Amino acid sequence: MNPALTGFIFLLLIATAVSACLMKDILSSVIALSVFGVLLSIVFSILQAPDVALTQAVINSGMITSIFLVAYSQTMKVRSGEDNTRVIKTYYPFRTDEMVILFICIGLGFFLWKGIVPMGFSSLSGDAANHYINFAGVETGASNIVAAVLFDYRGFDTLGEIAVIFTTVTGISILFEGSRYHRSSSGLSFIVRRSMAFVIPLIILYASSIVLMGHLSPGGGFQGGTVLATASICFCVVYGSSFEAARIHPWIKETLESTGCLFFAGLGLIGLCTGAGFLANGAAGFPLGTQGTFISGGSIPLLNMAVGMKVGAGLSSLFYSMVKILEAPFEGIPGEVE
Amino acid sequence: MILNLILLGLLIAASIAFWRLMVGPTVPDRIVAAGTLSIILTNTLVVLSLLFRNSVFLDVALVFALLAFVDILIMAKYFEHGELHK
Amino acid sequence: MTMSSMSFAAAIIIFCTGFFTLLTGRNLFRMVIGISLMEGALLLFIITVGYVPGGVPPLLPLKGLPVNPLPHAFTLTTIVIGASHIALALAFVVRIHSSYKTLDVEKIRGLRE
Amino acid sequence: MNGPVVRLISFSLMTLGVFFSLASAIGIVRFPDVYTRLHAGTKALTGGALFILFGAALQCGSWQAAAKILLIAGFFLVTNPIATHAIARACYRHGILPEPAHLDHYGKTLKRRDLK
């Protein structure tokens, strides 16, 4: 890769971030943020991290924008033809206190640069990384070393991260407790409805292929689950909210989410029962198979499926609890806690 | 060498479209610029996978081709109805 | 400049941009956007630490010297969790707006006193 | 499948695609209002993207990669018109008129349907 071209891409990335910072309008900033995510994914590809690039691409297109727009439309009631069509002055002059903060930030950047660059950058170092690269194929049977690290060597971390997502979904559900689900079926136009009936099955097919081939190619439970959640967001956006409420009951999502969690923990407990340790793979008696074929990797495909169910149902119910209309806001301003 | 030149051309196109994203007077202009940028950058990713001689990066490009338009659909829904749940 | 120092410089500049947005933004949405930018810069930094010049992706069978797979495993879950914590922050923003009827930080601060 | 003739065809296709991408980017900057920019952004870009993808499919080594690239081209052909249609309709319904609007049949139809 030519260094000049790499520098060009980094300059575009920085310019997108700065314009997302300086734009006066929130919607424009959100659009710039989505372009920033696309560029970040390309930079991850240049840095030879296809797994991370795939995750960034999947999260960025669909999830982030939809969550921002839901929150924005909850706080801002649009008067048609008045609010967003006017010409917006993009940049605003700096105030005095902002100049001070700008100098503070430049100083912070200078010291970070002075601190990081002498550290240099490591070649492939560390016993853990060398062990993973040399023995992951033999010990786990998976082709994707990142999946092997994520679900075999560091499976307990992944369980903790699933718990974080569960906590977030619970918190959002509690925050939007006194709200009701508004049913409406006036979605987008007829052309979009019919075409999306062709596209959405392809999206779901691709999501399941990402989940099932997680041990062979980039991808896995996190990415596939997010694509599933994006497909479920498409239902609400394209067909209206009553379509989704009629097809997929919230109870189904709750069941899927809990089943994913229990499945993950149960697979870990099998290892504990055989005496090999929590979330053990080959030592617990899972057949490792031949490396590179579909049935390989022992428990890694099963754990991928569990994480896919969990993340898909979790992110989808996160969106649908935010899309509800707030009905009973707090009365007045809450006082200080005595 | 020729691939590098093609990459350079695509990046120049991306930066020209990025100009519209920065100055675009209304929000729909920026949305159009963002859609154009996502397609140009997907092409960039395909050319990068040729340059690295590795077909793994095509998976990422496939995700962009399938999902990048969902952003535009969500924005269109917001502009048409004012809310996402209608 | 080498690849890694360019990447470090980009990560530092984006981090400072996000920090600036977080400090100067009067709108709550703008502060959340700043947090999101800072998170992207952090991911870029962690991935760059594991990069090896001329490396190949960590997928077996290897065609050369692979890059370090450990930062990839760390950041992969961080991205999904980042999306969910941004959602939590936005839920708080909506709740604050429904009780204070404003998104301006300084007005909210003024109302409290 | 990497003879000099195939490489020549592939590179000329990709050059054509880059030309289309540049033209559409310039069109996005130069055109006056949203609808013309939409026209520049999507029509020319679909052509550019398809040329580049076909060139890449000729050049990449294995047939699996070529099939993946053709799949990407197919998805572009499906998804790009949907997005264009949705954003154009949303712009009109939001109240943005084309710059020199002499005839407005769609607006008349919408009004008639609302009166009914």
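By letter and in written order, the chains are A, B, C and D; residue numbering begins at 1 in each of them.
Going forward, contacts are C-beta pairs under 8 Å (C-beta built on N, C-alpha and C of every residue); 3 or more make two chains touch, one makes a residue touch a chain.
Keep in mind the model is a prediction, meaning the values are calculated, not measured.
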item	value
Set of chains adjacent to chain B and to chain D	A
Interface ranked first by C-beta contact pairs	A-C
Far-end chain from chain A, centres as C-alpha averages	D
Between chain C and chain D, centroid-to-centroid distance (C-alpha), Å	31
CA centroid of chain A to CA centroid of chain C, Å	12
Chain A and chain D, separation of their C-alpha mean positions in angstrom	28
Euclidean distance of C-alpha centroids - chain A vs chain B, Å	19
Per-residue multi-chain contacts in chain B, two or more chains	14, 26, 28, 31, 56, 59, 62, 66, 68, 73, 75-77, 79-80
Chain A: positions in contact with at least two other chains	1, 48, 50, 70, 72, 80, 84-85, 188, 192, 199, 202, 217-218
Per-residue overlap in chain C, given as positions that touch at least 2 other chains	56-57, 59
Full enumeration of touching chain pairs	A-B, A-C, A-D, B-C, B-D
Chain C residues touching chain B - in the complex, by the definition given at the top	56-57, 59, 63
Residues on chain B engaged by chain C in the complex (per definition of touch)	54, 56
Parts of chain D lying in touch with chain A, wherever the complex brings them together	75, 78-79, 81-82, 85-86, 89, 93-96
Residues of chain C defined as touching chain A within the complex	1-10, 12-21, 23-24, 27, 29-30, 32-34, 36-37, 40-41, 43-44, 47-52, 55-62, 65-73, 75-77, 79-88, 90-95, 97-100, 103, 111-112
For the chain B and chain D complex, residues of the former touching the latter	2, 6, 9-10, 12-14, 16-17, 19-20, 26, 28-29, 31-33, 35-36, 39-40, 42-43, 46-47, 49-50, 53, 55, 58-59, 61-62, 65-66, 68-69, 72-73, 75-77, 79-80
